[in-house]
Amino acid sequence: MKYLLQRIAFYLFTAWAAITLNFFIPRMVPGDPVQALITKYQGQLSTQAIDSLYVLFGLDKDKGLWQEYLDYWGQLFHGDLGLSFTFFPTPVSEIISSSLPWTLLLVGITTIISFFLGTGLGVLAGWRRGSWADGLLPVTTFLSSVPYFWLGIIAIYLLTGPGSFFPSSGGFDNGLVPAFDQYFIPSALRHSVLPALTILISSVSGWILSMRNMMVTVSSEDYITVAHAKGLTDRRVAMSYAARNALLPNVSGFALSLGFIVGGTLLVEIVFSYPGIGFQLFQALGAQDYPLMQGIFLIITISVLVANLIADVAYLLLDPRTRKEG
Amino acid sequence: ACGDSPNANKNANNGKTADFLSIGMPNGTVTENNNPFVGTSAGASLGYRWVVYEPLGMWNNVKPADPAKPWLASDIKWAADYKQLDVTIRDNATWSDGQKLTAEDVAYTFNLVKSNEALNIFAIPIDQVTLNGSKVTVTFKSSQFTTWHKIISQIPIVPKHVWEKIKDPASDPIKEPIGSGPYTLKTFSQQGIVLERRETGYWQEKPAVKELRYTSYTDNNAQTTALATGQSEWSFVFIPNYQQTFLAKDPEHFKVWAPGVLGIHGLYINTTQKPFDDPTLRRAMNMVINRTDIFNQAEAGYFHPELKNVTGLPEGAGDAFITDAYKGQNFKVDVEGAKALLTGAGYKLDGTTLKDKTGKAVTIKLSDPASWSDYQTTLEIIKSNLAEIGIAATVEKPNQNVWDANVQKGDFGATMRWTNGGSTPFDIYQTVMDGDLKKPIGTAAQQGNFGRFDSPEATAALKAYANATSDADRTAALATVQKIFVEQAPMLPIGSDNVGGAISTKNWVGWPSDSDPYAPMQPTQSGTLDVIMHLKPANS
Amino acid sequence: MTSIPDAKAPAAEVVLEAISLTKHFPVRRKLRDLFSHRKDAVHAVDDVNLTLRRGQVVALVGESGSGKSTIARLLAQLYPRTSGDIRLHGETTKVKGGAAFRRYCSQVQMIFQDPFASLNPTHTIRYHLTRSLKIHGNAGKTAEDLDRALIELLERVQLTPPERYLDKFPHELSGGQRQRVAIARALGARPEALLADEPVSMLDVSIRLGVLNLLRDLRDRLNLAILYITHDIASARYFADQTMVMYAGRMVEGGDSETVTQSPAHPYTRLLIDSAPDPDRLAGTSDAEGEDAGNGEPPSLIHPPAGCRFHPRCPFAMERCRTELPVPLEIGDAPGHWAACWLYDQNEKAEVAQ
Amino acid sequence: MTIPTSSIEQVIPGEGSMAQPETGKRGKAKRQRFRFVSNRKAATGLVMLAIYLLFAIIGPWVAPYAPDARSNDLIQSPSGAHWLGTTHLGQDVFSQLLVGTRSVIFVGFFAGIIATMLSVLIGVTAGYLGGKADEGLSALSNVFLVIPALPLIIIITSTLENAEDWLIALVIGLTSWSWNARVLRAQTLSLRRRDFVDASRATGEKTWRVIVFELMPNLTAVIASGFVGTVIFAVLSEITLAFIGVTSSTTWNWGTILFWAQGQQALAQEAWWWFIPAGLAIALLGTALSLINFGIDEFVSPRLRSAGKTKIKTIDGRTVRMRIGFTPVLSNSPEPHTHARPLADPGAATPVVKKEVAP
Amino acid sequence: MSDPVLEIRNLNVEYGLGDQAVRAVRDVNLTLHRGEVLGLAGESGSGKSTLAYGMTRLLAPPGVITGGQVLYHPEQGEAYDVLGLSDRELRGFRWAETAIVFQGAMNSLNPVHKISTQLTDVLKAHRPDMSESARHARAREMLKLVGIAADRMDAYPHQLSGGMRQRVMIGMALILQPQVVIMDEPTTALDVVMQRQILGQLIELRERLGFSVIFITHDLSLLVEFSNRIAIMYGGRIVEEAPAAAIYRDALHPYSKGLLGSFPALRGPRRELTGIPGSPPDLKGMPSGCSFHPRCPKAFEPCSGNIPVLGRPGTPDGPSRSVACWLHPTEQPVG
């Protein structure tokens, strides 16, 4: 309990520091959102629009950075993330809430599948050393080193096209509206297959390797020998004794990767035109959309922290040694 | 059970010949914002604001000198000094909520723009708006000769009865747009927007396309792939090697049309840096640039149509504006001529190095953001062109924000950039040469004249052109401007903008083309509605 | 400067003294302790008095966790003490770092329990010894001086020929050899007191003896004061002049080794001695099974029992033991033999007698 | 963000209760430190890396063309003149690849060095000092862990006027040290509890000497593995940055190649030679570095090392698979292996597995 | 002497194969009789643990059994070679017939499972027809037997003290009532008081349940007190084997003598301690002949040439003991 409280205090501090950094760093970037917007349209937007845009974005009044910072916190406490510049005047919260689910579903589920699949294969490879499972290792090492945007582009080139089952871009068929019905769900699933596979292929090997190594390490623990000496079945020794213990160190890695779901998938979303939050962030970066950037960073920060908190709790549940009585 | 699903009619659509049109733009994601005045809205980014809201008239960018085609206004009349506009509003138009569109709505719209600086995106100095029955008279504080097309074709007319109730028209996302156009918003998702045809009440014959499906692709690649697979039937996007990557995929149906317009791209030279303050040097540079190479290699042979005339005005759209003196005078690569010119002016070609009058080697830094691959390619080509007269160029690739700031502050050697565009060459030349826009080095020049070109003569001529009250005055002023532009080469024009697009005629035909350039073919232009009105099913 | 002078001072001079030395390790506070204003602590060492004299070995025995190592580290000034006093040559010393600490080190050196862990696996023997010589200015001026000093050190701990060992890494040596290196390193500072924290418990049976004999030899030749910490009471008898017994952070008995091991006074000492493996028991020469007082766990050091800390396990526990902290009492069978047990209070004896 | 997969155990090389007193020659220990080279994975990785390093050094000299030299062979497929074909400007892809190696390797290693130095400084200090200093430094590294590295790098690089390689490397290095610092801190914490640290303190060593000369040498493997991990991350980051066009310094790297290829839709133009090789080069460099890291892992953790060989060959050519819990039995003949009485046969002292099987 | 339950014949164990091989156990012959406590002593690295795990094939890689037999005599029926059992048979054999208490109890218990789970999963594996509740009852019974309150059933290993964990392991070892219990240094990590308690308890249980014990330690004085017979290992071989008292009173092998002379006695006169000079042998480069001869104070000329065979010495109590030393020429080799 005390452990948890301590963690929470620590998390609050980290959150404060991260949010503060997130506020100041983007503002170091030269130029301003209006210029970025003009430039983005490369001539489609004439320079006469500049003045009206300054007025529109409320950038015509010059506030000090410090005042802005204070205002930002004031807004945050009211749950207000401000209005995006790129999508002016859409509130940042709206943008996030419409794109976050996509990322969470695609990358979240893929990360989870990747973790479980990789862990499962890792358990096999670690337990059945010297068997076919060893053949996985060189392949996975190579795959884990492939830049996944590159893999994704090749997949799009090879697997999509007219008449292909796989669409080349987007989160669902054009003309559909997100809804839980028999048209939308299959379409969304179909659109998620390739990006998911790309992420899966390049991330699963990490789990396989680390789990395998943990299995090997744990396998030589005395209690494994004891379990064998007890005459337990191979399955039981492998799962309930070896894998159960080998899993523990991976849990924190898993939590960390959960936290990076939001921030780490930028390129998959770019390559597959997936309507997720990573791509929004990328756009916001290009357009110097401070409010959107801050909002997304806030989400990322919070999700990393929450994931870590979950990992702490999971650890607490999984490893009885950390559970202190009283 | 699924009857109430918004996707329920999907299968029906897939069954027979498509009665929808898929339009795509590579602009990244969009958010639900249909405010027709706001450039950041989904409606603006994808262009569908022009099928929901309509302008007073249709201006054809491809033929900029032609008068506007009457649209909501049945009659458009400009005073000779272009300080007064008289429009008559047609009486059979209705809003999609059934109410009648009246001159009052038009007057309201102009007043709205006038009183809201944020909505006045063209900074139009509206003076008075007077309503007289179905007639509206608008007066301006200055001549609108160079901006008339914006007023006529780029101000969407909005319903007074709806907009009156909106608290802050500039920042309202207008979730349920009510317009006079033939389409209404059916569904919105951040990836796809569906507009459906108004079955009744449109003032002209309703279009053949029943449903417009807009998709915003994240980038050019995704958009091009969508075009090539037929997912997108209409888009405006740069397609590298378009013959192979696009046309070849379905030669029968896939088409690209890219007419040039009065808005160009060129190499701005920082005229404050020595020795580039010397017009002779700039002219010599202008003579060695291989525009054909650039057109073919950097612009895939279509995207920024090659500028041929020395005035920097594009073929077609610019023809009407070329001064007699320069008619038929085209760019050609003339290395020897350039060398001669330089030697004559006191430069010395020392082996492969050009030395200026003081004996210093001439070098120049070309810069553009890394992510604009066509500009980058262009710079690479220019670099090797300049090498032929001994100018050592280096290409720098600062990131976009830095580049932006640097260009505005005059902290660059030379850079590829665009000019503003319009219905006359004014915008082009103003962006390059207007002394009023000039700022000292270090201060951001936001509106133009990034190269700090200092020519009071040009400034005066530009002013004269914009405020002239007769065509003769205009021709004279323009001739001066063009002369300065050609002789002093403050910017080396390379290619023009285009308002074309890539299309598929598989389902729909009737697109504008070289033989019938009735409208721009870029889905985000206000002319898009005119294109849609022309479309007919392919198999009928 | 290169030879280590034998015997700096007359025997029996007090080198290092601990006076009611106390060390409490603070325990991290739990949530509920936020409200009670109590601060919990591990009472690792409480009120310990100890005297190390030149040329003498004092053994400190006691079960695992009774605070023996903590005393050693306190004496080596590796931990700050909670209260009490440490006197070097009669002078109170309290050093934390810097030159004062180094001065202290040069007189009091410590040998660690585990020779496998106390040498840095990445450095050669030469490095270890050179450092110890250099820090305390015993390396001489030239490279030859240093070499000579190194060789002399190794010879002193009977690692011969020295050249064979100088450039080895710790893992290339056997446990006994490593422990000798550790001792040599301590000697490199030319200390007057040596704190040996279980110097042989990690060593193999067959090499233990060699190390102990070496220590004894050093005591005799260099007139060192040695604190010998062990839980093997038999080796204390063999090796030490004096033996002190610790239980749960407190001294419970002390006296000369032979007396303490042969006629233990405190019930805990008796339990300890009864528990020690005794081959003769089989042969029937030893007296019958001692009372099984062992059932019971050592007490918590965070909330140590009031009164005598041994009372929950003590077969002779009296009411008084539960409440009153026993004071060291003279036993009387041999000079200097004492026990902190109420059984030896004259009044109690009288009562028991009645 | 890559999650480091290495699971460094708290094992110090060449140590442990099993260590045998060795009577070998001097220098053996030194060699032992480089023993991990004899690990097959590490050796493969090192050889591959060496090839990359070689090209990083000589690449620009041996490249047949200047990487941005245009020619009239636009989008040509691989041929004798252009081994890996040409780009839309007629540039030689092979030369771009060769020249680009230097920047990739430079950024990878420079960023790796910076991040490693920071992580050592922060992680080891935090672990060694403990208390308030530890809490402060841990909080610092956690903040950096929480901020997503790639977007942060994108932002910071976009403040740079001209994103030169060393600047990019600096930014990557400055933002990617935190994970290693955390690992190092944990390692240092466990090392600090080891006796030799106290022993050297008790000898009178100064704190900085304890950290630098006593702790750090024992962390070499962990530091090395963290370094290699950061190099992988830095290489991928640099390439990603170049690929999305956020930075593309004036020098070539593989990301630049991919950027151009993607911008020109190389694959759609069926110019696979433009797109595939750069990706493969990245993947193989990554593989080489990962292999080295496995080597370090196995070197550091004897358990993994011994797990390396799972099949052994007996003298009579049979292969036996090693399994935990079921020790292989090569023969269960009740015959003694060494015959005591028969003469002093020198071979008898070091017997080998006999060939004959049980009768 | 009673009948044998376990006979080890010429057991050879190596770590690794080929040139790198370390022969950790060499031609070991040893017989465990029903109901006895057989002590196995020797300095660290002499191969005690290797022998114990080798005979049940529990050695971790790269351990390999290169030869020998381990004959097990069940209470009823024919003796069979444990090394020849199939994996399945071996699983059934393990724990039901021979149970092992490992060196460190902390590491022997799975840290993430309750001790009840770890106790009952033995039963689940070997007595599949036993009901859940019966299993728990049995587990509780075993804990009581080793003196742990039944309410600690649901504790996790880390919640128990070292002594308690060791007891849990002993209880677990006895849960299937095996014939043989192998204990590898069960008490080294504990202090003497705890050690005595646990060993006392074990001896008592053995008397009640009648299993045989192989008790491994390097603490000879402990062995002498607690075991019936003692075998002493050096360099992978058994160098002497005799009843405990006989070893204590007069060990024949100089190494055994040296071991005995290394322990200071707590009681009785302070005798001179001799110790053993030199350092343990390197298993990779064993000296020729008797591997102890370089350290042996009594080494003479044959020692360096020939390996002495373990055999009955010519002493009066010869038939009950054996030794491998040229000082005591063998009348009758064992094994």
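Going by the order they are written in, the chains are A, B, C, D and E; count residues from 1 in each one.
We take it that a contact is a pair of C-beta atoms (placed from the backbone, for glycine too) under 8 Å apart; a residue touches a chain by one contact, two chains touch by 3 or more.
Owing to the predicted nature of the structure, the values given are computational and were not obtained by experimental measurement.
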>> By mean C-alpha position, what chain is farthest away from chain D?
In response: B
>> Comparing the two chain pairs, does A-E have more C-beta contacts than A-B, or is it the other way round?
In response: A-B
> So what's the Cα centroid distance for chain D and chain E, whole Å?
Replying inline: 44
>> Using Cα averages as centroids, what's the distance between chain B and chain C in whole Å?
In response: 89
> So what's the Cα centroid distance for chain C and chain E, whole Å?
Replying inline: 33
> Listing for chain D: what residues touch at least two other chains?
Replying inline: 21-22, 158-159, 244, 246, 262, 268, 306-307, 310, 322-326
> Taking each residue of chain B in turn, which ones touch at least two of the other chains?
Replying inline: 221, 225, 400-402
> Where does chain A touch two or more other chains at once, residue-wise?
Replying inline: 29-30, 153, 156, 220, 225, 227-229, 270
>> Per the contact definition, I'd like the list of chain D residues that touch chain E in the complex.
In response: 20-23, 306-307, 309-310, 312-315, 320, 322-338, 340-341, 343-344, 346, 348-354
>> Give the list of chain D residues in touch with chain B in this complex.
In response: 68, 70, 74-75, 88-89, 157-163, 242, 244-250, 259-260, 262-265, 268-270
>> Help me check something: in the complex, which residues belonging to chain E touch chain D?
In response: 9-10, 12, 14, 16-18, 21, 23, 26-27, 45, 53-54, 57-69, 81, 83-84, 87, 90, 279-280, 282-289, 305-309, 324, 333, 335
>> For the complex, give me every residue of chain B touching chain A.
In response: 2, 5-8, 10-11, 13, 20, 22, 28-33, 35, 38-42, 117-123, 170-173, 187-192, 194, 211, 213, 215, 217-219, 221-222, 225-226, 229-231, 263, 265, 372, 400-402, 404-405, 408, 418-422, 427, 431, 446-448, 497, 524
> So in the complex, which bits of chain C are touching chain E?
Replying inline: 63-64, 174, 176-177, 204-210, 213, 231-235, 237-239, 258, 261-262, 271-283, 285-286, 292, 294-295, 297
